[in-house]
Each structure stands twice: as C-alpha cells, then as structure tokens.
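The structure that follows is given in the form of structure tokens.
Each chain gets a letter, A, B and C, in the order it is written, and its residues are counted from 1.
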Amino acid sequence: MPEQGNRSIFSGERVGLLIALAVLSAVPLFIENRAIVEIIILANIYAVYVASWDILCGYTGQVSFGHALFVGGGAYTAALLNFYFKFPPWMTIFFGGGVAALFGLIIGTPCLRLRGPYFALATFAAAAFPYGLTDVFWEVTGGLDGLYGIAPIWPTLMGKYYFSVLLTAVCCGLVYLGGRSKKGLILKSIREDEVAAMASGVNTTAYKLTTFVISGFLAGVAGAFYSHNQLHVGPETLSINLSILVIIMSVVGGIGTITGPIAGAYLLTIFNEMMREWEEVRLLIYTAAVVLILLFVPKGVLPTLSDGIKQWIKRKGG
Amino acid sequence: MGIILETQELTKYFGGLGAVRKVSFFLNEGEMLGMIGPNGAGKTTLFNLITGFLKPTGGNISFRGRRITGLKPHEIVRRGIARTFQLVRPFHQLTALENVIISCLSPREGGGEKKNGGVEEKAGRLLGNVGLSGKEGMLAKDLPHGDLKRLDLARALATEPQVLLLDEPFAGLGLMEISSLSPLIRKLSQEGHSIIIIEHKLREMMKLVARVITLNFGEKIADGTPEEISRDEKVIQAYLGKGGMTLATG
Amino acid sequence: MNIFLEIIVYGAVQSSIYALLAMGFCLIFGVANIVNLAHTALYMIGAYLIYTFFSVLQLNLAMAILLSVVSVALLATGMYRFCIRPVMVSEWSVLMITISLAMFFQQLMIFVYGPADRNVEGFIGKKLTLFGAVDIDAQRLLTLGVSLVLLVLLWLFIYRTRMGKAILAVAQDREAALFMGINSERVYLTVIAISAVLAAVAGAFIAPTIGARPEMWAPTLGKIFAVVVLGGIGSLEGTILAALLIGYLEVVISFSISSYFGEIVSVVVILLMLSFRPSGLLGKRIEA
C-alpha cells in the first residue's frame, strides 16, 4: 500500500483551498503573459486527472496504471463527436465523461477483484488497447498525428481560463468532499484491510466499482475539456506516459489526500514548463527527480512538508 | 428461545483436504456456545463459512430459519451476524472512533434508515461500553493489543448483530486482561446476544459458556456441557493423544 | 510455402526473445516477489550498449557482447541494491520506483544517443537459405540459437546446481529457506544478475534486426506481461509455452492482417486472461 501522509487540520485545509481558488480566479486579471495563463489552464486540467485518480487509487489502494484510458477515452469521444458530427463542446464533454464512465464499468467489473500488481497490469493493458486502436483505425482517428480543428471551449483566453477554473472547482471539489465524507472513510477502510471492511458490513465490490466509474467520468470530462482546449486530440492522451505522469504527480503530492495530488499536479506542471529552457535535459532531470523523491520522500512532498512544519511548530511552542 | 443459527452437514474441501466435514450444530437464541478443538480442526474455517468468506463445498447454513448459504460477507453482516478475527484486523491508519464508525455505516436489514449525524455519538458510546473511552482519537496502529481486542468487539457490536462469532477473543492477552474482558462478554450474552466463542484458553472460556462443541479434523466429535466435554474420551484424545489425562476445568 | 517457413522461423525468434525476457521477469518475481517494471529497460540498454561497443567503438564482437552483458548485470544489481531493496517492503513502491527508473533510462538514452533509431550491423552479415526455399538472415537464426542455448543453460543451472536449488527453495518458501541457512540476499542477487544477463543478451542480439530505440522497452514490457499472465506465475514451463503462443500469434497476425493488429494481440491476451483465468494456463491463483 502506498504510504499515507498524516491527515491535515480540517478547517485550515478548507480555508487554504478557498484561498487557492480565489488566487486561481484572480490570475488572468493580474497576469498579462498568455503563456503563463495557458500553463495554469493545463494545470487545472491535470488537477482533475489526479484528483479523480486519487479518489480511487489513493483511497482504496487499488493502484491503476491505466488512468489514460479515461482521459483519452473522454478526449477522443469529444473530439470525434465534434469533428465528425459537429456536437458543441458542452455536449461532447458530457458524452466524453459518459463514455469514460462506461469504460470504467466494463474494465472495473472483472478487474477490481485482482490483487495489487495484477490490477495495475490489467489497467495498463486496458489503456494500451485503445492506444493501439488509434493506430489501427488511423483513417478515422488521425493515427499518430491525431485530429486537428476541434472546436474551442470559448473563443477568448479569459473565457477559456474561467471555464477551466470552473472545471477544476467542480470536479476537484466533488472529489474532495467525497473523500472527506463518510463514504471516503469507507474507501480508506477498504485500503487498510478489505477483508475487515467486508466483515464490517461494507459491500466492497460495489464501493470500488462505483468509485472507479466516478473516477472515470471525471477524468473523461477533463480529457474532453483538454481536447477542446488544445483544439487537437492525439494518442498521447491514451498513452502510458500520461498514466504514469498522473501517478507521479499524486505520489509527489502525497497519495490518499486529494489535496496532495492536486498540489502535485500544479507543482509538476509548472515545474515542467519552467524547465522548457533546458529542453534536452528537462525530462531527464524530471524522471531522476521522481526516483529520488520515491527513495527519500516516500510519503510525498506535501505530507512530508506539512509534517515537518508541524514538528517545527511543536518545537517552537514546547 | 429457539434455534437462531444452525448448520446442516456443512462441508468445505480445499482440493483433497477436508477442512470441515459434514458439521451439523445449532446455536440457541441467547445462548453462549463454546467451540474448541486442536489447531487445524476447522474452527476458523467454520466461522469463515458461516460469515460468507468461504463458499461451502456442501451443506447449508440457516439463520432464523432462512438459508444464508452462499451470501456475501457484507450481506451476512447486514442480516445480523458479526464476527471478530483470530488475529486482530483493525484499520491501522484510522482512529479508534473511525474504526467503529465504519461498522456503524452499514445498513441493517429490516432496520430503519441510519442518520449519519448520530453515527459519531453511537460509535463513541460503543467505545465507552468496551472500556475504550478517551481513546477515540488514537490511531489504531498506536493501540496496545488488549485495546485492539476491545476495539474488535466494539466494531462487531456496531453492526447491531444478533449473533456474535468471537474467534479467540483472549488470544495474546494476559490473565488480568482476560479477567477484565470476560465480564464484558458475559454482559453481552445477558443483554440477549447469541454468542459462539472459539478459544484455546479453555479454563477461562468454560466459565462463560453453557455448552461446548468440539471439532477435530473437520468433524464435530462432541457436544455437551463443559463438565461433560472435559470427561469425553474423544475430546481428550483429540488434544492429548491416546492415554491422556483428565482435562482440568478448574 | 515460403511464407509458411518464414512464419515458423520468425515466430520462433520472437518467441525465444519473449522467453528470455519472461523467464528473467518471472524469476525475480517468483523468488524475490519483486515486480520489476524496469526489466525491459535493461533489454533496451543491452541493445544500446551493443550499438556502442560494436558499432561505434568497433570492438571485437565477443568483447562487445561480454561488455554489454556485464555492464547490464552490474547496472541491474546496483538498481536492486540502491533503488529496489530500500523500498521492498511495499509492493506498490517497487512498482512505482521501477517504472520511474524505466522512464529515467528512456530519457537517458535520448540524452546520450538522441531520439532517433540506432542501427547495428548484423553479427554475421549473411543470408542463409533454408530448406532450399527461404532466405532468412543469419542474425535471426543466430538469435534463435543463442536463446535456445541460454534457456537450456538456465534450466540446467536451476535444476542441477546448488545455487539453483537454493533459488527454487526460496521461491517456494522464503522463511523455510532462511531456516535452512540459505542466504536469501545472495539468492536475490544471483537471480537479478541472471535475469539481467538474459535481458541484455536478448537486447544485444535482436538489435541488428530491429535497431535500438528509446521507447522500445514499453511495448515489450506489455508483451512480457502477456506472456507472464498467460503462462501463470510460478510455472517455468507455462512461461515457455506462453512465450511460444504469443510469439507465434503475433507473427501470424502481423503477416496475415497487419502489424498494427499484431501489436494489440498481447494486450487482448492480458485482458482476456485476467478477466477469466487470472492464474494463467498453468500457474497459481492470484485473486484478492
């Protein structure tokens, strides 16, 4: 089971989140640089990817290596509906989420009973399958290049930005509230000891499947949003690289806390973009950093930091 | 006072190994029944069968006259049968209170809708009942073994069971801890719960129960009062081999 | 007739590579309970090293092979000692760190060699004519031959030597093996080194045929998974059988339908097997 960070103080956490939301909303009013705004839009989208991953994997302990299946499923559904049938973005986004949720149902039913590495393996394979399909049916999907000319969410940057904030506020908000609720507690009990949870009257199969489907829906919605943001869809949305990126962001941020992975998403997206200058070594440093973090800060950067701060406060006070 | 739980020729084979072989027994409502037998006799397997963690190879289980064979564990809990485990299984990263809350959240068959608001109170009360008040906020992994055994009881009770299956409640406990836990179990019986206890600490257990069944190699070999059992030749042989001495009941 | 023979040979080569890789993977998992997602990255590094030593530095072939294999073995043991062992208690951490290492190696290859394919000349630059009808390049046959030899050697090692028996003992029951005085750490290191050697040889010998690419570890990892899932963990015979099945299935489908579909074969196999028979054809049960 991935290491769990300590729980935060609730009220402090909520205040922090509201402040973050306020800051996010204020960004385009104060920042002129288009590129930075685009980066934050991307980070908003990634935040939904990781939050939807964490509610299943961080909470129930079933680590999925195929989250890209949901993201890409949503992205391609939206793009295909828009490109061939001219569906408007708000419609495609819901269909994207729906298709991804369906994938969750189809994959989850046989696979959720598998133990640790086998579940990871199965989800990895499940994501690899449509990835291969985009190649096979390249006339429809545009193959490796993907499809260009997808309709934007909103013509202006500001409008697009605020929609992304809405996306992240609603989706991450839902996941956050769910995680902190009694249902979230039940998910954690499944992670701690599924047998004991069953003996406590929890229908673990139903919980896991429902969470998997919800996780899929949200990721699919975000993936669809991504298509309309980039005006393009490509197989990178279905790739193992994306699945692993999501996991890395969550691990770095602190698995099982929702807020940790979200922070991880923002941190790493911004870090990633900042390093664009050193293009050749960027990914090399990135992946090396991940290995080091896994070795030396296994609980995740945020939980370790917050533990450290708490220790520091204790020592000052005592 | 009728029969609340019974098995009919319950059988479980693992490949060629007969862990439980045509075991038929019953538990009366309000009764406290002991289950003994050497290691590997099939006692825990029997519990696992009754609580739905294992599917029987043959035979049936009935609760209040209705078949429960083949139901999933959470469904059996919801009907009113709760269990504890031989080796405690707390949710380590959750607090004691949260551990109990989990069990409070399962809907009971035939019961009313649970109001989430009252759940913390109920869990707190249960912790108090088993002697863990003041420890609600402690993480389970920080609790000593004796407290974990009590926590297990609280968790089982939180599902509002009619039948309690306790698997070695005294395991790993010292005499003092046992003598403070024992009256708690007796009180549960007096409050109307029907209880089956698996135990190896025979002396302590025999003081609590009115009847004992004995398993050996997956079969039921004896069923009677503690005094009868302690004199039963088959039981003595099962534990001590041929030519064994009288089992002290103290 | 030609196509038929080609399929037979190509399928055999493909299967033998998968067998080498899957055996190594299963060994590590069966013995040390480590799911090493960086296993095929070692295969990739083997391919790049043979390129470096043979094509770039123009070393003598035997020397190049030896250096490549030894380097990969050393790298693998270092990886185990410094990255895997510290986190071994948690299955999940091992998954995470090995996949991160694989990605790191990929970036390292891009950094050192650039993103384009690297080509390696065949070790024997000839084409042989088999059965008077088919032209097969010697490199493929050589690969097949070497793989078979290695697999036989592996079998002999496991079943006929003391260390091999120790490995079997640890795989069956770690604690009991400890009680019998078997040094499990030494067994782990041996197994890691052996798997690394198998992977490096596979990479080195297949490099002239398919070239060295920084992404080559990922799809291959998926195929090894398929082999392992199909064959079942804990069964060496199952692994060989599965490698044959998947190797041939891929080749047949690539020839008859398209190479794209050939790639998906392994994924479909994984999904089907895990859904309906997670223990594989011949392995132990692995459900929760």
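We take it that contacts are C-beta pairs under 8 Å (C-beta built on N, C-alpha and C of every residue); 3 or more make two chains touch, one makes a residue touch a chain.
Since the model is a prediction, treat every value here as computed from it, not as a measurement.
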item	value
Chain whose Cα centroid lies at the greatest distance from that of subunit A	B
Top chain pair, ranked by how many C-beta pairs fall in contact	A-C
Subunit A and subunit C, separation of their C-alpha mean positions in angstrom	32
Subunit B and subunit C: spacing of chain centres that average the CA atoms, whole Å	49
Gap in Å, rounded to a whole number, between the CA centres of subunit B and subunit A	43
Multi-partner residues of subunit C (each touching 2 or more other chains)	none
Of subunit C, residues touching subunit A in the complex	35, 83, 86-87, 90-93, 95-97, 99-101, 103-104, 106-108, 110-111, 218, 222, 225-226, 229, 258, 260-261, 263-264, 267-268, 270-271, 274-276, 278, 286-288
Complex contacts: residues of subunit A adjacent to subunit B	4, 182, 185-186, 188-189, 192-193, 195-205
Sites on subunit B touched by subunit A in the complex	51, 53, 72-75, 77-78, 82-83, 85, 89-94, 98-99, 101-103, 105-107, 116, 119, 155, 158-159
Contact footprint of subunit C on subunit A as seen in their complex	1-3, 63, 65, 110-111, 113-118, 120-122, 124-126, 128-129, 132-133, 135-136, 194, 240-241, 244, 247-248, 251, 280-281, 283-284, 286-288, 290-291, 294-295, 298
